[in-house]
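Below: one structure, written as structure tokens.
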Amino acid sequence: MEIFVCLRQTAILKEEPKIQPDGKTLDLSGVNRHLNEWDAYALEEALLLAQKYGGNVSIISLGPQEVEEVLFYGLAAGAKEAIHILTPEGLEIDNWVIANALAQEIKKHPFDLVLTGAQAEDDGCGEVGATLAHLLGIPHASLVMRVVYEPETNSLKVDRELEEGYMDALRLRLPALLTVQTGINQPRYISSMRLRRFKKSATISKVSFDDLISKTQGFLPKKEIVKLYTYRPDVSKAKILEGSPEAVAEQLIGQLISKGVL
Amino acid sequence: MAEKILVIAEHRGEEIRDVTWEILSGLDELAGAHGMEVHAVILGYGHERLAQELSGAVAKLYYMESEGLKFYTCERYLSALMPLIKEVNPKLVIMGHTAMGMDLAPRLAAAMDSPYMPDCLDFRFDAGCLIVTRELFGGKLRSEVKAVEDQSYVLTLRSGVFTPKAREGEKQVERIVPQLGEEGFLTQFLGLTEPPKEGVDITKADIIIGVGRGIGDKDKLQVVEEFAEVTGGVLAATRPVIDKGWLPKERQVGQSGKIVKPKLYVACGISGASQHTIGIKKSETIVAINVDPHAPIFNIAHYGIVGDLFEILPAITSKIKSIKSLNK
Amino acid sequence: MREDQFVDELKEMIVDIARRCRNCNYCYSVCPLFESTRGFQVQGPSGILQAIRYGIRWGELEGEEKEILRDILYACTTCYSCVLKCKSSGPGVPLLDGIEGGRKLLVELMIGPMPEQIKVLESLEQNGNPYDEPPSKRLDWLRDLENERSLSYKLLGKGAEVLLYVGCTPSYNEGIKDVARAVVKLLEEVGADYGILKEEKCCGSPARRMGEEGLFEDLSTENLEAFKQSGVRKIITISPHCYNTFVNEYPEAIKGFEIQHYTEFFADAIERGSLVPKLRIEKKVTYHDPCYLGKRNGVYDAPRKILMSIPGVQLVEMKRNRDNSLCCGGGGGRMWIEVEEVKRLSESRVEEAMAVGAEVIATACPWCHIQLEDAVKTTGNEGKIEVKEVAELLASSL
């Protein structure tokens, strides 16, 4: 099975997020980045499937130079090939553009399966996977929690996670695309030393974003962020109780009793 | 002629899902403000009764019936919907940001070549362009996102944002039988699994004590268990705690777990990511205990305590115990 | 170094060490893991070592058994009892080098560490602490103290004589922040010319214990550079784990500094007369020797000297003390994983303390402190015995 995994690098917002003076972009200076959590599960699933059924895993990512980090990470984890769609500085993109660029590149290669994470930590849209499937003209299933390959029919049987503990099962003919939910497996840990070695010796194929789009009519973003803000608790709503644990306990119990809850 | 909004309804287990009623309630005001007409479509097989139920809430209800639509698959629903959308030509197609919404809506948007706005908290039109409010980074930030000017938009609305209103009345339902030959479909629905029947049904409890990652370790649950015992509450947990196996799956509260509406929900060491808060928003009273004063949980709590749950909970537990012994 | 070469050398090192074991089984008599679990052969030092040795020999590193091997290797608390016992009664096999080497190997081969430890390592790398806390909050404990009283520390690098290396647990853990504050109060009392790093990072010991050698190298290099820049002569630590890694595992250049655990520093101060405990603490106190302070580094007397200098304190010894001390179960990365125990180590320890009639268990390690405090609760002994840090006892006696 030839498997493609789309990787996204996301920022890790540990401290208070800083918004630029324009009021609509994030100041990400000094902010660490890492592989999107859902994509780590997708990568692991691809590696497990390739191990179990034979085949190779290729990884692909779109973005500026820094994005190489996640590609080296994927290579260290066991991917055979890595493709970096290098975007020029200051390029305005959205998930529609990302999906189109990925589709343009992936189309050039033979593949059986494409995996993506179910959503991204940063925008939480869950958009690229299904859009990419449409552009590649292949069936897709999202929120996948289990994948089994059926060689007789060249299909995948997948279990999908629905709400409230419900699951459904689907069979898809290959080639297909799956978006993967967290908890489907346990992603392997890549040590610093291992990563360092791969950064020194591994190679990543570079593709220019401008080259890709010049081959079509070009794709433009369909949406843009016009305002960014931090949302603080509505003080009138959450009554913050203060004091020592004993004092707080007394206040809370008093409130709950007077409300008839306790 | 008024522009139309097309709601894609969702049903499960012979009932319309809550999120559909929520969307319809939310649209009352929004559609009115922009002078838009609300239509809805429900797809299924043998679901006439549900179609009737919905019909009173909208200007027009389409019921698409075919055996292939009995259970949701993206391919068949898409195949059935595209001609209808072409005919109705809605300005806005809306559904819930549910497992089905996450699967169908982006694909539908791509097929329609329309902008896709997922998991929205609010939306409005500004000179013909759709502007939505949505969260980023799990709630740490909010954004307003503007779509390019287009003929149609596809939007999914977050569950629990609007409160469903009681609906009455029925109308004429337009029944459509799409021609869905099975040849040409590359996916096959194999079955729906219900969650296992279990001992404790947390959805029936009056008082629920929620445990999050802040508990730190399985063996630290004792302090919460004691609190639950003395208040008569049941334990529930967020996904990370369930994933670790500290509590069984039946106790999971949130987007991929259960939705609960108890009298009292006490969130202990829970940060308040949307995937969890969706499950508790309808609780009558929410108390949150977290060491982080900026934790998003305080956005939806009625009472907040900024502190260490290992200090706060025992204090409350012993206070309740002493009140109980006084009352004896 | 190419991957194969690195892995091959590691395998060779482990097998060489394992070969020296004579299977005399003496190490089992002192192993806390063996004592607290069901007593399988692979739950003791020699057994763990042979498991990784044969795992290498029989290619278990590729098969489905690799997770079993991983669980075996990561259950060890790295307390050092086996190393001491083998030195005194056996051929002196560096058992822990083999076990920790095995962890390094498993991490390299993407089999280790334990799943629960992955987030810990990621946090060490991104935040400089294992608790997924933002670096900006690392000095909050100090600012809280400053709100109460004025302090004379220097935020380095402005140059001071002594560096107080706080450590991650005292910086972020609510209960242990009090220990850090107690140590600062003591330093103020002594009138020490001390400083605290502005941007302190984890000493790296947890990374090494879990087999993440590369991360340990990064952290140790950064810290060493910060120490050099600070211009201090002496470094005192709160945690014995930081102490141990500085003294025994850091690059050569660390030898340019004098490293002390805070108990050594304040025992000296008491002897010199610059610290005089006055207020009486009328308690029966027993001292729990932290493995990383006692067994690993031979510091047994300094904490006891401090306790005996506090008027009113009656020092009693538990059945197992000094180099015979029972591990609390927190070391070796075990703070973050669950090992199935028949009898929890920390609970056994609390019972030992109760057995000698102690009212206070004094300890000198943040993790021992956390483990024993939990055990006091889970054994239902709250109110009968309490856990206090040596620094807290000393500070409250001033």
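So that you can tell them apart, the chains are marked A, B and C in the order they are listed, and the count of residues begins at 1 in each.
Methods note: contacts are C-beta pairs under 8 Å (C-beta built on N, C-alpha and C of every residue); 3 or more make two chains touch, one makes a residue touch a chain.
Quantities reported herein were computed from a predicted structural model and do not represent experimental measurements.
Two chain pairs, A-C and B-C, are weighed by contacting C-beta pairs, with A-C ahead.
Comparing chain C-alpha centroids with the centroid of the full set of protein C-alpha atoms picks out A as the closest.
As a whole-number value, the distance joining the C-alpha centres of chain A and chain B reads 21 Å. Per-chain Cα centroids separate chain A from chain C by 37 Å.
Computed from the mean C-alpha positions, the centre of chain B lies at a distance of 46 Å from the centre of chain C.
Multi-chain contact residues of chain B (touching two or more other chains) are listed as 311. In chain C, no residue touches two or more other chains.
The set of chain A residues touching two or more other chains is empty.
Against chain A, in their complex, chain C makes its touches with residues 1-3, 6, 107-108, 110-113, 115, 118, 121-122, 125-127, 134-136, 211-215, 217-218. Across the complex, chain B meets chain A through its residues 12, 71-75, 98-100, 102-103, 106-107, 109-111, 114-119, 131, 134-148, 150, 186-196, 207, 231, 239, 243, 249-250, 252, 255-259, 263-264, 284-285, 287-288, 294, 298-307, 311-312, 314-316, 318-320, 323. Chain contact summary for the complex, chain C toward chain B: residues 116, 174, 338, 374, 377-378.
Contact residues on chain A toward chain B in their complex (touch as defined above): 11, 13, 16-17, 19, 24, 26, 95-96, 99, 118-119, 121-127, 129-131, 133-135, 138-143, 157, 160-173, 176, 181-183, 220-234, 237-242, 244-246, 248-250, 252-253, 255-256, 259, 261-262. Residues 217-220, 222, 244, 291, 308, 311 of chain B touch chain C in their complex.
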